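Per-chain numbering from 1; labels A, B, C and D assigned in written order.
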Amino acid sequence: MKLSSAKAIISSIMHFPFKTVALVGKYNTQEISGPIVRLAEFLEQKGCKVLITVQTADRMGIPGFDSARLVDIGNVADLVIVLGGDGTMLNVARILAEYDVAVVGVNQGRLGFLTDVSVDTMTETLGEILDGEYTSENRFLLDVSVERDGDNEPVFHARAFNDVVVSKGATGRLIETEVFIDGQFVYSQRSDGLVIASPTGSTAYALSAGGPILHPTLEAMVLVPICPHTLSNRPIAVNSHAEIEVLVIRADDCNANFDGQRRLELKAGDRVRVRRSTHTLTLLRPRGHSYYDMLRQKLHWGEKL
Amino acid sequence: MKLSSAKAIISSIMHFPFKTVALVGKYNTQEISGPIVRLAEFLEQKGCKVLITVQTADRMGIPGFDSARLVDIGNVADLVIVLGGDGTMLNVARILAEYDVAVVGVNQGRLGFLTDVSVDTMTETLGEILDGEYTSENRFLLDVSVERDGDNEPVFHARAFNDVVVSKGATGRLIETEVFIDGQFVYSQRSDGLVIASPTGSTAYALSAGGPILHPTLEAMVLVPICPHTLSNRPIAVNSHAEIEVLVIRADDCNANFDGQRRLELKAGDRVRVRRSTHTLTLLRPRGHSYYDMLRQKLHWGEKL
Amino acid sequence: MKLSSAKAIISSIMHFPFKTVALVGKYNTQEISGPIVRLAEFLEQKGCKVLITVQTADRMGIPGFDSARLVDIGNVADLVIVLGGDGTMLNVARILAEYDVAVVGVNQGRLGFLTDVSVDTMTETLGEILDGEYTSENRFLLDVSVERDGDNEPVFHARAFNDVVVSKGATGRLIETEVFIDGQFVYSQRSDGLVIASPTGSTAYALSAGGPILHPTLEAMVLVPICPHTLSNRPIAVNSHAEIEVLVIRADDCNANFDGQRRLELKAGDRVRVRRSTHTLTLLRPRGHSYYDMLRQKLHWGEKL
Amino acid sequence: MKLSSAKAIISSIMHFPFKTVALVGKYNTQEISGPIVRLAEFLEQKGCKVLITVQTADRMGIPGFDSARLVDIGNVADLVIVLGGDGTMLNVARILAEYDVAVVGVNQGRLGFLTDVSVDTMTETLGEILDGEYTSENRFLLDVSVERDGDNEPVFHARAFNDVVVSKGATGRLIETEVFIDGQFVYSQRSDGLVIASPTGSTAYALSAGGPILHPTLEAMVLVPICPHTLSNRPIAVNSHAEIEVLVIRADDCNANFDGQRRLELKAGDRVRVRRSTHTLTLLRPRGHSYYDMLRQKLHWGEKL
């Protein structure tokens, strides 16, 4: 047991760590209703109280189980099982991060970085997890605020699990930004944009943009320029407790994206501030999980010679 | 004399190559009116007939010289002098490429790849060019057509000097494309987009996206993926006579950009075909011009040890 | 029939293109003796005169077929079948390039860029090739000369099919070079070295060093810096008819490598000149061969969506 | 005062932090004898006891000051001033890291990442430092051990400040390695080699090989593959407390380099283990020093717009 919350400690003492288990399905995807029902029944047999998110339960017409809103689930569940891909997990993580709840991801297709339990073996794997056979990882999130018109009071707040991306829009015109870290000027940059990624996000968009992989336990964020005009602009990894500030200098058309799922239009003069969130997501991994095995498989790296 | 057109040959025989010289100023930039007047007077003294583009003449209120539209200039001028940056030259080049007219670029600020005569020394340098002291380069353009709804008749035509870019729009969602070269399937790509650049464009956006530099005389185009999801997707240089086809498979929000100056919204199913244009631009270079000197200076490469 | 040589034309007229076929096996590899015997017998049945290189025949103890040295094979054979990997092909290609002989590669393991006939289906595929069902590609080679002590008379000559690499040696100290193209100074470079690759070599070491892929039909060479100290040093593709000159300025320990198979120690002051060889290798491809299919498979690129 | 050692605390209490100051000159460089004498006299005027390394004192014939060996200097000096470039600093750092001594670097030429006091302003700057006007950075070192023939007892030990590089030698043949982090298998790699860099080393060779910049305060090491055969092998940043193990699988010719200054020939089967050293170097920075200013200047990044 590595969960640090009081809830987890109590559960642990009671030898019944995951009493209430919630199920969250991929948004608007009918084909996972089968696995959800199977999983709900399996969990009941194991003696768990089962909750299904309202959205999933209603849309799929799954009767016979209690349903709850995602924010309420955060308060009452000990474990949340997400059925879908990494995109679904990102969505759920941004909301559940405020609660001390463990999360595990089940994937119907090709396994993801965050959803690494296969639907084909889910009852077996989840059975082991319920029995305490797992490791847990704490993944931190990013808090973002945007200031406008020189006003220190932010006009916008967001949270991201993977990354905050400040980038050009549809016109294709590059944007000009100034970057500051802990108040120190770093550089002016003319580019398609800038990715600020957590270790979790370092294997997502940041990697495509040429960034390094940051091990999940590294207390770091990485700034990855997207197609920078200055060829020597390279990714910079900084302490996760640094404050990163991106000042939009010139932009006909500029956006901030959060996990590629939320978006804000930016204007010249906007200041985007990114800090490590105090919240972390507790991700459970099946026994024998290896981060490097996952990387190797997904990136076609060489197996043992 | 390396100009191959009949007009050029006649001029050459007459020992008076650049009888009619046209001046094109950067759009909407008042500060170049001084240099334009100085240049016009200098050219008249040298015995040239001087034309100023209508737009430049009218907007800047330059009286005393004949003015003409850019397309008419193409028909009657022997030489066009462009005052502005590389952006102005791109704009002019796409139109003038249809005519056998030589072009030279004068720059007020930091010299560009295409505008390498400094405004400070322009009369001296242009005097030498008028006296035949120059080399000329033929730069080819790209012709683009876009087919929609499975119809072979294109719905859109464009020309580009630097590059054709198929890329994601404001939502930040990556796009999915299939690429074919000369009808052969190359790959499916999930990415921010794809740059197809001429040698001229290889030192522009394509370079920022990680592409190689193609020497201007190389009969090649280069495909440079922008932040591709598959990390082994690398730039591919192909023969300039190849036909490149980009089929948009999935895109919420996708655009084609031409030299970063014109834009077309694309839909899933659109086919963007890129071919070498039969037109080339004849770019005059001052005596002693070196492509590598220019690269070295602009990219901060090492001087002789 | 695309072979351009007189020998090929005559063969073509006679409707018997590949009368004499030679077999070359991978050096020192016992396990290909079986396939060689099978292939020799198959070729005899097809009415070909079969030759086996002396080295292969003697070492493997293959009796019953005529043997000849590789240089003699170049003179008398119409087709050379290479059994081995791309490395074997490189070795053979540098020697056979002087003769008008077609070459095809058979591979026992994972197919290579140059050896793309599988040993499992070789008789069927080669039968089709003997019947004229193939396409042919002309791949050019690189000629290298090295001048020393300011003497214009070269002290060394070599040929390369893939690449010429000037690089640091065992001490790990970076080297300093000056690069010239067609006599024009390009840059000084402090780096681990420089790869000069043909289109054939662009998918070999040059690709690992960050170079672009050059389509085999492109008349180009590419210069790819290896770990350059100046981060803006990017690959440059130039016309295949350019002369590339690398002047070693400072090097405790520096080498030139040719296809990674031959090596010369270099000293400060050495000038390495690389030019397109007048020789080309004629590589036969089975019907249906696609360069892009091969790239896609070897680089794990995305298949059709 | 940020020095954490007892010696520093005592000095601090006594309001005389740098009582004994040692001077170390670049090896074998006559031209720094002038600055060294000037600096020694300045320090004496400021009331410091001055020591000069034996090597520097003897070779340059600097009389009138006490001299001592570098290891003894570590024991008695409160501050060591290094005159030379970053290379000299690396050499000194590996030795002095075992002692609680602060170090500052003076550079005669272009300022380095570690030697950022200019010889032209050194007395002024060092005067301020002696007066307590400075910030200090703790930079960690890497400890390396090499095991051979399956024996757990290492046959070799080394220390590195910048990086440990396992790489191919003069033959130019790529090497095959297996990499493990904290005992977990990461990948097999065919490449020119692998750089394992500290944050300090991330702006040195690792950067040329395509690695990210790690901020000096980041508790991380980065693994950067050199020209990997597998194109998706990307830099990985891991916790500085991880143990990195490189197993040499196949290598005709392979070396380990430490800061590019020490070298060991490796054989197939050798295991190179890299761990964070318990030692750190205390680097003093003049008031107003900014890491990002330094990066910006050295990498030609954009100034404020």
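Heads up, the rule we're going with is that contacts are C-beta pairs under 8 Å (C-beta built on N, C-alpha and C of every residue); 3 or more make two chains touch, one makes a residue touch a chain.
Quick caveat, the model's predicted, so the values are computed rather than measured.
Trainee: From the options C-D, B-D or B-C, choose the one that repeats interface A-D, i.e. more than half of its residue-numbered contact pairs are shared.
Mentor: Looking at which residue pairs coincide with A-D, the repeat is B-C.
Trainee: Any chance you could check whether A-C or A-B wins on number of contacting C-beta pairs?
Mentor: Taking the two pairs in turn, the one with more contacts turns out to be A-B.
Trainee: Do chain B and chain C face each other with the same patch, meaning over half of the contact numbers show up on both, or with different patches?
Mentor: same
Trainee: Express in whole angstrom the distance between the two chain centres, defined as the mean CA positions of chain A and chain B.
Mentor: Centre separation, chain A to chain B: 43 Å.
Trainee: Please tell me the distance, in whole Å, between the geometric centres of chain A and chain C computed from their C-alpha atoms.
Mentor: Chain A and chain C have C-alpha centres separated by 48 Å.
Trainee: Approximately how many whole Å separate the CA-defined centres of chain B and chain C?
Mentor: The mean C-alpha positions of chain B and chain C differ by 37 Å.
Trainee: Going through chain C residue by residue, note those that touch at least 2 other chains and give them in order.
Mentor: Those would be 207, 231-232, 234, 299-300.
Trainee: Where on chain B does chain A make contact in their complex?
Mentor: Residue list for chain B touching chain A: 165, 167, 169-173, 191-192, 205, 207-210, 226-229, 231-232, 253, 255, 257, 260, 263, 265, 299-300.
Trainee: Chain C touches which residues of chain B in the complex?
Mentor: 176, 178, 181, 184-190, 207, 211-215, 217-220, 222, 230, 232-239, 242, 249-250, 290-293, 295-296, 299-305
Trainee: Under the definition above, what is the set of chain B residues touching chain D in their complex?
Mentor: 231-232, 234, 300
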